[in-house]
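Take a look at the structures below.
Below, chain A partners chain B and then partners chain C, in two separate complexes.
Let's turn to the complex of A and B:
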C-alpha cells in the first residue's frame, strides 16, 4: 500500500511539471496575439531542413505593452516552472527584471524581461543540433 | 431471422465506417502519439485554409482525394470539412475554442495535423499558424495565391500557375522553390521572406512593407520589374528585364539590379 502511494505521488509530480511547461507554451500561441485588444506583437520562425522539412529549431518573440493581466499570467507561469528547469537565472535591478530558464531535453531557452510597462519573452527550442 | 439480418447489416455498416478511419501510432521525438486518419473527397476543391499547425502534401492521385491525420487526443476539438468559400469549395481546418477559450493542445510544429490533398485546381492556400507545404504535384489553377499569417515553409522543385502567382506574407515564410512558372508574379511582404529561385514571369511586382525583412534572390527574364521597398534586407534580381522601376524608402534595404541586362 505504501509503495502504491509513493508511486502515485511520483506520477502526480511528474504530471504537474509537464502541465506547467505546457502552460507557458499555451500562453505563447500565435493566434492569441497581434491584435489591438491585447497590445501585443508575436513573431515566430521555424527552421526546417529544406529537403525533408524536418523541424530543426523554433524561435519566437512576444512583446507585450501595457497589459498587466497578461504580464501577471506569464510571471506566474515562469515561477511555476522554476523547480523543473535545468538552469534558472534571475536578475532584478529595480528597473529591469530578467529571467532566463533553460531545459536540456529538448533544449529550450526561454527569456523573460520586464522593463517598465513592456514585457518581452523570447524563446528558442532546438530540436536538432546543427 | 429479421433480427439476425438487422444485426448483420449493423455490423457491416460499422466495418465500412471504420474502413474510412485508420488509427496508428506515430513516434515523434521518441514519444508515441496516436493519430487518427480520416478520408473525404471533393472533386472541385479550389482552396485550402488552415488555422492550426499543418503539414500539407499536395500529390497526384485521384482528383479530390483528401486525407487528414490528427492526434486522437485532439479529436473533440478539431474542426475540418469542405465549405463554401467565395463561391467555391474550400477545405478548412481549425480547432474549437482556439480564440475565446484556449485549451491545452498537443498540436505544434512537431505534432501537426497531416493533410494530403490531390487537387489540380487549387487557387488559394492560406496558413494562419505553422504550415509546412510540400508540393509533389505541381498542378494548380491559372491563378494561385499563397498566403501566410504566421509561419510557412514551401518545399518543391516548381510552382506553376499559368496566369498569376501571388504571395502575401505577414509572418515568416521560407520558399525553397527553384522555379516559379507563371506570367505574373506579385509579392507583398510584411514579415520575413526567403525567396530564391528563377521565374519566367513577364511581369514582376514586389512590395516590401515597413515591417518586411527580405532575403530574395530571383533570376528573371521579364518585361517589367517593379520593386517598392520600405523594409529591410536584400533584394537581388539577376538576368533580363526590359523595364525596371525601383523605389526604396527603407534605410536598411539593399536592392541589387546591377546584374540585370536591361
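Let's turn to the complex of A and C:
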C-alpha cells in the first residue's frame, strides 16, 4: 500500500544556528564513514564566488551502502532535528523513504533518501543566492 | 647551285645533325666571313658560338652556377626564417592557449577550492581529478534546492 506522509512544521524563525542541524552535522563531521569498511562515499563541494573567493554554497553528500547501523544513526539525527526545522517534509511510498528539512538564515536544505539498502544524505548551506 | 643555296643545305644538314667536321668548319668560316644579312643574323651568331667552342655556354653556366649557388643559401635562409617564425608563432599560440586555459581552469578550480571526496576511506582533494564529481553533485544540489523552494512557497501559502 502506497503511503504518503507529508508533514510541514513551521517553527520559530531565527533559531540559533548553533542548535540547528547539530546532530546531523556531528555525524557528517565524524569519521564514521572515513574508513574502508564503512561502504560509504562522502563528497564535499565548496562553491565560491569566482571574483571574491567568498563561499557561496557548501554541499555535502553521503552515500551509505549496506550499513544499517549508520543509516539508523542518521535517521535518528534527522528526527532529533525535526522540532527545530522551518519546513519538514517526510515521504514514504513503501519503496523510498525520504525526508527534507529546511532551515533559513542561512538557508539550509538537508535531505535523506533511503531506497533499499542505499541511503543518500544531501546537505547544502547557501550563504549567498546566485 | 649558288653558294648561298649550298650553305642553306649545309645549315639544314647541320640542324639535322648530319654534317661532317669539314662541313661544319665550312659553315663556321662562311658565316664568319660573310655579311649574311638580318635574316641569317641568328645563324651567324650561333655558328660563331660553335666555332669559339660554345663560349656562351660557359658564360651562361657561370652565372647559373653563381645564381644556383646562392639559391640554396637563400632557400635555406628562408627555410630557417620560416622555421623560426613558425616556431615563434607556435610558441605564441601555445602560450596564449595555455594562459587562457590555465586561467580559466584556475578560475574554475578556485571556485571549488576546499572541495573533496572520501570514497572507501580514501580522501581525494585534487580538484582537477574530482571536478566532474563536484559539478555533478552541485547540479543535484541545485535540483534539490529548486524542490525545496517549491516546498517553501507551497508551505507559505
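One rule holds in what follows: the second predicted complex is superposed on the first by the 105 of 130 C-alpha atoms of A that agree within 3 Å, B and C clash if a C-alpha of one lies under 4 Å from a C-alpha of the other, contacts with A are read in each partner's own complex, and residues count from 1 in each chain.
Simple rule for what comes next: contacts are C-beta pairs under 8 Å (C-beta built on N, C-alpha and C of every residue); 3 or more make two chains touch, one makes a residue touch a chain.
Quick caveat, the model's predicted, so the values are computed rather than measured.
Trainee: For the overlay on chain A, clash or fit between chain B and chain C?
Mentor: clash
Trainee: Contact-wise, after the overlay, does A:46 reach chain B, chain C, both or neither (first, second, both, neither)?
Mentor: In the superposition, A:46 contacts both chain B and chain C.
Trainee: Which partner does A:106 reach: the first (chain B), the second (chain C), both, or neither?
Mentor: first
Trainee: Just checking: does A:91 make contact with chain B only, chain C only, both, or neither of them? Give me first, second, both or neither.
Mentor: neither
Trainee: Quick one: is A:29 in contact with chain B, with chain C, with both, or with neither? Answer first, second, both or neither.
Mentor: In the superposed model, A:29 contacts chain B only, not chain C.
Trainee: Classify the contacts of A:126 with the two partner chains as first (chain B alone), second (chain C alone), both, or neither.
Mentor: Only chain C is touched by A:126; chain B is not.
Trainee: Going by the contact rule set out at the top, does A:115 touch chain B (first), chain C (second), both, or neither?
Mentor: Neither partner.
Trainee: When both complexes are superposed, which of chain B and chain C contacts more residues belonging to chain A?
Mentor: C
Trainee: In the superposed view, which residues of chain A touch chain B and also chain C?
Mentor: Chain A residues touching both partners: 43-46, 48, 50, 53, 55.
Trainee: Residue numbers of chain B touching chain A in their complex, please.
Mentor: Interface residues on the chain B side: 29, 51, 55, 98-99, 102, 104-105, 108-110, 128-130, 132, 134, 150-151, 153, 155, 171-172, 174, 176, 191-192.
Trainee: Could you pull out which chain A residues touch chain B in their complex?
Mentor: 19, 22-23, 25-26, 29-32, 43-46, 48, 50-51, 53, 55, 58, 106, 127
Trainee: Can you tell me which positions in chain C touch chain A when the two form their complex?
Mentor: For chain C paired with chain A, touching residues are 107, 110-122, 130, 133-134, 137-138, 140-141, 144-145, 147-148, 151-152, 155.
Trainee: What residues of chain A sit close enough to touch chain C in their complex?
Mentor: 8, 10, 33-38, 40-50, 53, 55, 57, 59, 61, 86-87, 89, 100, 102, 109, 111, 122, 124, 126
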